[in-house]
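Once you scroll down, you'll see the structures, which are given as structure tokens.
First chain A sits with chain B, and in the next complex the same chain sits with chain C.
The block that comes next holds the complex of A and B.
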């Protein structure tokens, strides 16, 4: 296996994407000892990331309390290189989003200084509500500055916000109004809305030219990665005390965060991103074709899969690959209608198993996936095949060729071609289409037993659906076969490892990180494909915090993905 | 009117004295030519907007058979016959790909709007509406407003790659954004500047002063993103500054009612309803100077429009529907193309229903309507259909059909920008780079 392991991982991915080689090149196998230690860190650029909507809301809830209203419509995130997490490091900020941040900031600050809240949330009271109190203002600015900027304020910043309290207090004859406006100022600041990372020089250690993140930036990286929210008081304390720079100190904090209840939010955030759930905002189904679809079904569908993921990966410490074969799931009554399964619980969620004859197995047979990757009025083997490859296997499917002769494709109601398989077979006679459809369709066609909403069916336009298919390996006849193929696919664990790391650092991997990626993958295999352990490995690795000032955003694996495209076209 | 200035007002308010100012609503604000406000001599504002419909056209039903003024209105343009004099029909202008892969429905649309074809959504230059907004839109409450009427939360208005301006998709949300908190009725009898607003403005201004310090701390790519943040912050400051001044009265402005809650999806009937409601609100917003720039997306470029109960959407139909033997074209696709032009008529109706000066709001607008491709079945970016409506306050000539003869489509974008006062001599890249305006359009 040694020679195979020396193939750069991205090239391995390319070859496997085309499914031309046998699946013998398995990651892991019996080569654990070779990669037990982390390779020398190579690092990437610092990334200036915007808080996502869920991070913004969680941050406010952590700092001000869960009952503080955030009244705003958030701009939709940018998806870049397959992840919203990477888009947070690339997206700009439109006038619309600033308007909305302003609305959010005012709703938060107004509630925070309200008579019912001020005694709880503010560390001090002024002598007279109507008069500026310098000592109290300084404490408030210093406390909330640390929490909101995730680092101590500079003395200039401290003075600036205290001056804001003073001016506004005097203009409005109300100390609390002054505090409110200073809080708005902090909440509107780029230091709050963006995670601006700062690095320190590598000094005398063996990293050469590499730099490291400063302790505050480390705390933010850890916290948003492991809790999808802002550093808590204990993490800030550890950062201030320099504990994040020692292995022991770092390990204590990482283990604490992973064991905390807040860890679930991080796992949810990752899977919401990976599963492209922002697309629910645009999801519509024709009510006359899919009368069972409504906004409750849509909301429950995404929650169903997230519950399954969290239960399996965290509560049961399960093998990631078993997500594709598990029959364990969670249902509500409105979902029961679509799945045609009885749900006893009247309100809320019921833990249950898909019966063996229910034709449901694994999260890829849940309706969130099936409905998101369909048309409003019908299913789509092509969209589902493409999504399955891109989401779970990290295989890029190129765009369709621009200039295509579609003359061979017939009307879907045409009786000579009643099923999607018939229509796509006609389509694949076109050589320029055939290459990619060969990649997408065989796996998508196995999911044709689910209509555009995800309900099970055996016939389309009166004809029996043939759900045979294949996925880079043996053929199968049904969704059970597909489930096993996804479970066993060598790209399945590699893909989630790559996505998790990119999610953690908010950028694409750089070329020099391929040895590090191999390390992560082997560790993932060693720990039984457990996601919490993977996240712990990343958070504890030197590379996670290493900064290479010379590796700009542009130094990504562009040539590798170009090769992917070429290979996939075969 | 001109005796009080903003400074005295603010000073009064700062000292905590509630100041109420009565503004007389004059019977005639306009001068005798109907081109300017009599009281201030300011010209009626000129507005710019784009209106996009997805998936092109059926050429034989859309392209007039002759050029010039006396063309016969083709079948699909018949709904806008009454706007003949205010319309320029532009056919036969091409996006030149220069070997750039054509990402279906995106490359054509963004090539037309940025002058540079791109194989994805990573634009290499701002879209022309943003360039124009920087010229004419900085003094209003909103630099631009984006609307999408088929439930798709996106726009084709980009300041840079990764920085699209998001669209409003709900009439009610659009109403609240324009006419909710922060809106000043231009014809209100009393004006009292709000001290709270003044404080908010100075808080934001202090945040803005961090700009230079932060710029030094980040890399080049992030500097551009931070710059954008500060530009957007300035718009918000500008909104607050406007609230501290008495708004200029607007003759005939009546506050619109809140629209009903509607279904936000791509079913054609719902789209027509949402589009009409949102166009009406936009026209009102333009009338009372809330914005001077807008971008309307009737249907996305991969149009998901559909008929109730139909399994297949507009875009999918363009690829899958066989030609009707008798008609010689795709019957269902033609229906969506026709509906799109009916929506275009609705849009023009809304703009022209508002009297302004001696004409209508439409006369003081310059609207560039376009699609993303010509023949959607083949994703062709040659001959993308375009129209110009309104003369931009007399800055454009209309009333004819012009055939582009395979000229680069950037000639139109360049002409429009120059008409809107953008200082640009040359626009576009490679084969699309041009310094040739469309003289027929120029006044």
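The block that comes next holds the complex of A and C.
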């Protein structure tokens, strides 16, 4: 459990030094940079990634229809290297998960072969419902095999699932029951539940020892990256036709997917992951302290920031950094109570602006961030400071030592130390605490004008709150200053670029990819810090599909930024 | 101060509202700037808004404590029937048989010779000699001197009350009507009708505009509206401050008047107001003629005090006793079965007769009187209220359930 964090003094210097180094790198490219060509691809391992809940549900909806029920509770995702997307390649499957996948598969298959759906969803009907129809079974298995496995079935797989249809049909005297059992089998198969990537040998000398993803794996990687769902019929067609192996063919598909309405789901999925929204499942607030908090407020708070992100980044093609300074937002009446702002619209969302003197600017002043990174009964400058650095700047803060006494900071009723700043100042007198708190607190204390839910306040325990702070250089006195500092921080664009790439490939970056990362960052600067262009750059890059069979499988701790830190330490 | 909006103040005046913050169309104002965190007014388009969270008749102490009902409390028809020898349970008569006999007798007593129900036509019913009203004047009741007559004029009306803090001339004839009814004692169910407000069935909004000084201001504009939105509550069922509410779109449920602030107390000029009231899914109206607000701006930037005026007798009878004008969700007169069932059921449970209540209301009415000294048409009524900061907007917004609305008319009569 993270409460108030500490960091050894040496590592503190390392983190800060690394930050300064990164700053120097980006300062040089912040103006319109010369767009360098993509460096020679480095490649990483193939990965085997479990579908996330949102991907599972979207996949089922895309294949069977949005009204097909998925009756199951999904296991919590594993966050690794800062992203659930990376954890999908590391987590195992518990017996509970298998049970739930089974339940989901049965609910989907039952609905798909139901009398009301079979004529629409199945490509053929048997002559007699009670008799096995080999031709129809082969077609159903072939069609759904391609959609569910995201590749054509092998002949052995085809035969296996057709045999399943036949055996169940004959035993149950019901062709559709046979189809249902085959569908359940496919839906329970690792080839459906996991995105298993396969590589082929490189085709050119310049690839050296590198390999490429095969066309079907490319289609899957593209589709889940750009739509957070399974490849659609057109993408599968392009894969089958070999079009994804040509630059033109790939570009056509990437542009098509980015232009499609489904692209929003991908942007949402990335920011849900980046902003650690799985924590909403555990979010609780003391109702006696924060009476305005309820499940609707929590749901709306999450949606508020996602709407802002989608509107700014997709609809308006905005600069990513402006997310930290924008006053445009979306509110519901439930949220209006917490923000103490009027919301005329009775039901649903209202597009609005934070008033200039409302002490709100940027998504970091939204209550989703403020409430998620607080305690149930009080705010936490340390948690907020840690979250700001880790989420938006990719700066890692070590866990606290096990023997820290948190008594002072956990007692907000201490009249001699009425504000969090007072309590943290006392806490930092312990040398082992001071290092990390110097990193987290100055930025977190600026958010102390928001209570543990995120409502604005001027006092704590009767004492005026001092919200002055700093972030790697700039000093400020309020959230407007913090917003500008986040906007201008050189790590802000670098962090989102790095996270986006890691999200796309489902693994941590490796040291040899640092030139590629620099390429992505330069491109990001050149396109005005626009996220859709960044995603397009990644999707069209050779490195995105390059596979280095020597890089091993899974996650390595030697990622680009970590290696930079090690270099500094040495 | 004659300016229409807070945000149109000249700079000098604005400075007197320390802590006032202009935030586009929405303002948050510190009510009590001090070393502590100040509560904030909720201001939208220059108007400070409030949603009423507590609303009940201002009544005096229980009769049991004052001895003000020396002749006992009012009775329902079953109790009246039981007063007669024939109405008592006979020796050997089973409880079930007696109950059935009482029910039949009550049904007879509740029916006029022409077959009409008494609750529907109380004007045609005989006098109820068992309906008790409060006649004493020495019972303390808080409220407002509505007619301004008598407090210090030497012509102190015999029926006015004096509050516990010494305020004289308080007009509250409705209290006299219900003072000896058991359902209006502090543990009775009739004065907690505000519960329906917390379920979202109805509500009240107040706006203040043109304030220069929260402590003393010679002129402010005051709006009193029916709330078109359900009140927002916490998970503990407590009203939440700073919600947004739309005023009713029906002009009959909107009222504006002027007022002034003295030592932090807002006094308004008389204005006719009208609110909604819902009983047993019957939609009724709660009008108040020549209503005055006398409320204090409290430390939580809310209001607390009185709203008092004169309720038309027929309207008071309908919303408290007879429900004759109750309407369904479709706006049409509600099913007769429900209206009669509600009125007769309420009379039995709450301990009164419809005709007794109707007669008492008319007898004690003190407003809108015939110039010749004849019958009065309205009765002085005092409400206590509390309100918290809320953004009050004027917007026609549809209910999320609008598509589900349907007629519930099932008229069995």
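Here is the rule we go by: the second predicted complex is superposed on the first by the 508 of 570 C-alpha atoms of A that agree within 3 Å, B and C clash if a C-alpha of one lies under 4 Å from a C-alpha of the other, contacts with A are read in each partner's own complex, and residues count from 1 in each chain.
Please note the rule applied: a contact is a pair of C-beta atoms (placed from the backbone, for glycine too) under 8 Å apart; a residue touches a chain by one contact, two chains touch by 3 or more.
The structure displayed is predicted, hence computed values, not measured ones.
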Let's test your reading of the overlay: on chain A, do chain B and chain C clash or fit side by side? fit
In the overlay of the two complexes, what angle sits at the CA centre of chain A between those of chain B and chain C, given in steps of 10 degrees? 80
Based on the superposed arrangement, let me know which partner A:383 touches: chain B (first), chain C (second), both, or neither? neither
Who contacts more of chain A, chain B or chain C? B
In the overlay, answer first, second, both or neither for which of chain B and chain C A:458 touches. second
Touch check for A:160: first (chain B), second (chain C), both, or neither? first
Looking at the superposed set of three chains, what is the minimum CA distance between chain B and chain C in Å? 12
Quick check on my understanding: which residues of chain A belong to both its chain B contact set and its chain C contact set? 287-288
Spell out the part of chain A that touches chain B in their complex, as residue ranges. 45-46, 48, 73, 75-76, 78, 80, 87, 90-99, 102, 160, 164, 167-168, 171-173, 177, 181-182, 184-185, 188-191, 193-194, 196, 198, 281-282, 284, 286-289, 375-378, 399-400, 402-407, 409-412, 423, 452, 552-553
Which of the residues in chain A come into contact with chain C in the complex? 287-288, 291-294, 333-334, 336-337, 340-347, 353, 355-358, 457-459, 462, 464
Listed in rising order, chain B residues that touch chain A in their complex are 14, 16, 101-104, 107, 142-144, 146, 151-153, 159-166, 173, 177, 195-196, 198-200, 202-204, 206-207, 210, 214, 217-219, 221-222, 224-226, 228-229, 231-233, 235-236, 239, 265-267, 304, 306, 308-313, 316, 319-322, 377-380
Interfacial residue positions of chain C with respect to chain A in the complex: 21-26, 28, 35-38, 40, 42, 44, 229, 232, 234-236, 238, 240-244, 246, 391, 393, 395, 397-400
